[in-house]
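Going by the order they are written in, the chains are A, B and C; count residues from 1 in each one.
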């Protein structure tokens, strides 16, 4: 056989050191590792800077009055954003009341009944597409469906808009949790004569309850930070309100409005509110991820 | 077990006249706290086919992966002793594993073609190792012919390597390995995932490749070893006090001698199918 | 695979009556779950139809000209969103230009064993957290911290490279470039998480095969691993593009909301989302209709991008 031996770098003397590589190959590897390492640091820097700045700017103004008092009218100094915290909780409560049962049922279908079916495939597809819909469109949707039909901006409309944001998160995370429940548990339940409903409601869902709780918490953390869906649904309110049919203040919307008006006191309140919002969301996100990791 | 017996097979094999291209001297491998292999010494002579046989867990795959430093990829792996390739210690300070692997190729248990075209599967190694673009067509054809695959794929070189059957995929992987003209081809149970017909083709191929390459093949199939190998090394696993298992070399000799006239009792039992 | 539901009916047993009531209950639970599942698709469809229908009056009044004209005049009720479409695409493009190389680089860095696990895990967690930061907080930070920080760089660009059209206007902090920069950070977690997932999911044999041929680590990564994970990476980029185009609060707070098209990235601009967010509050009837039309355009853009992304990613998973 005609061989084409010794066409490249095969010298008589065996050289197995790096110098046998072309210089380009050697330096290229160093360079790429260095570059991607630098990218990784670069990615983290904005997060660290942002958290640092929010803490620095927000901490001064933060106090007990932040949680108990109303925001000051323009020109005045004192006050807090207690009504916005309450409003965020109320809108989130409404959103959870809609999205959790709905999302959990859909997840139960996906993991318990529909595995591998075309319907399940379609539902997962729809869930993922829904997750990609911009939050502002959830706001427009709730505006046309609720605000226009009920005759005004309201906490309820805000809750509907936020539920659209929450549903795909609840479905996906709950399904993951249900899939972690071992198949043997289901077989054992059905084996002792349990019906589907009994098996799912008494065995599968309780076993997956911690992950479902994590799913709901993550969805709440995500929705709680959204301002876009609330801008023209819940709108804003400078006073205490618990009426779900009235406009209501929320933390993200308050931060937005106070960030873009030229009053120093309002700006400070925006930073303090940002600290509260960011703090809650980061704590919730970190702890639920750590919990989820422990279970695995 | 007395430790003399581990090293003696070396002396029996050294009566083969060819020079040793690869040499393991007292090689031990540990993964973390687990010792996979203990005190192996053997020579791989040039242009011969050497088979490693033995029960699973005996360290034969571990040893073959020392020859191209593929164990480097598993964190916590320590290789003791010395492995030399043409007299150069491949675990030496300045040695670049990339250069080692460029000369000592490997075919894996499961066919692992790249998700690229058949042509690019072959051309990949040649390109990164500095072969000229103008030679590429020739290299691809030569390698596929060497791997006895050319006739089957010459009209569909642009199709994905994954579209081939399992046996063809394995021959593609062999072609890809010989494309860069290594000195040694390591084969880690290359036929264990294949059907009997594909297995026969791969075995025939090994016989042909022997002309140009040194081949080390790990197999759990003793018949295969008798069919393809000039020399055979038998490994065994043993438990020491405390229940920790480790692998070691029992006997290394001409294949004929290992199967017909083994010196060690363990070998006799294994080749006659009494354990393993 | 047969569903559990098919196993439950047990006809012809002695406890038939009791079993029947249990069965009815069981069946209704099954159907409730089915309705919940199909309801997800229903909600998606409802949103699309609802926004489409609400935009209908504006579509009738302004027609296709809405997409190609540049005036936004609520007083005379003349509306066109070309500058907003332009701004949406340009800011998303800036974000992708930065986030694609950085995101893929980080995904590779965190999927290989460059770092010990004890360092890699917290970094991966921190990157996930970027996605959790409320966009309104990022906007606030952008206005008061980032823009003042960037201003000297912008001035430098303008003074030294002002002859390039891209930097040809005196810098104001709020600009398409500022928005693009911030969006790039916001979409990084999407690209990193999904790309890293598809890199990690690759069979180990593939890497060993390349290394055994004498490829260096980065030759293996660039020529074998990244091409093998390509569809996952492309899918992640599409999802990130959808996020960048739809991001609202950061756009409204940082882009400057200026109704113009200029080649200069240092000039303020607008996006569809920022237009809706900043105008909806004070909008009259006609203007709300026009904003709903703009919303429809945003929805069509993001739906196309997201559906493509899903198809690409699903196809990839089926290959696995």
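The definition used in the following text is that contacts are C-beta pairs under 8 Å (C-beta built on N, C-alpha and C of every residue); 3 or more make two chains touch, one makes a residue touch a chain.
Heads up on the chains, UniProt names are A = Phosphate transport system permease protein PstA; B = Phosphate ABC transporter ATP-binding protein; C = Phosphate transport system permease protein.
Please read these numbers as outputs of a predicted model, since none were measured by experiment.
Colleague: Quick one: label the inter-chain contact graph as line, ring, star, complete or other.
Modeller: Drawn as a graph, the chains make a fully connected set, so complete.
Colleague: If you tally contacting C-beta pairs, which pair wins, B-C or A-B?
Modeller: B-C
Colleague: Report the inter-chain centroid distance for subunit A and subunit C in whole angstrom, where each centroid is the mean of the CA atoms.
Modeller: The separation of the two C-alpha centroids amounts to 13 Å.
Colleague: Report the inter-chain centroid distance for subunit B and subunit C in whole angstrom, where each centroid is the mean of the CA atoms.
Modeller: 48
Colleague: Report the inter-centroid distance (CA atoms only) between subunit A and subunit B in whole Å.
Modeller: 50
Colleague: Out of subunit A, which residues touch more than one other chain, so two or more?
Modeller: Residues 21, 25 of subunit A touch two or more partner chains.
Colleague: Using the touch definition from the top, which residues of subunit B touch two or more other chains?
Modeller: Where subunit B meets two or more other chains at a single residue, that happens at 98-99, 103, 128-129.
Colleague: When you check subunit C against every other chain, which residues touch at least two of them?
Modeller: Answer for subunit C, listing residues that touch two or more other chains: 216, 219.
Colleague: Can you tell me which positions in subunit C touch subunit A when the two form their complex?
Modeller: Those residues of subunit C that touch subunit A are 1, 3-5, 7-8, 22-23, 25-26, 29-30, 32-41, 43-44, 46-47, 50-51, 54, 101-102, 105-106, 108-110, 114, 123, 125-130, 132-141, 143-145, 185, 188, 192, 216-219, 221-222, 239, 242-243, 245-249, 252-253, 273, 276-277, 280-281, 291-292, 295, 298-299, 302-303, 305-307, 309-310, 314.
Colleague: Note which residues of subunit C are touching subunit B in the complex, please.
Modeller: 113, 203, 205-216, 219, 223-224, 227-228
Colleague: Which of the residues in subunit A end up touching subunit B in this complex?
Modeller: Listed in rising order, the residues of subunit A that touch subunit B are 1, 3-5, 7-10, 14-18, 20-22, 25.
Colleague: What does subunit B use to touch subunit A in their complex?
Modeller: Interface residues on the subunit B side: 85-88, 90, 92, 94-96, 98-100, 103, 128-131, 135, 138-139, 142, 146, 181, 211-212.
Colleague: For the complex, give me every residue of subunit A touching subunit C.
Modeller: The contact residues of subunit A facing subunit C are 21, 25, 28-29, 32-33, 35-37, 39-40, 42-44, 46-47, 49-50, 53-54, 57, 101-106, 108-110, 112-117, 119-120, 122-123, 125-130, 132-138, 140-141, 144-145, 164, 167-168, 171, 186, 190, 195-197, 199-201, 221-222, 224-228, 231-232, 235, 252-253, 255-256, 259-260, 267, 270-271, 274, 277-278, 281-282, 285-286, 289.
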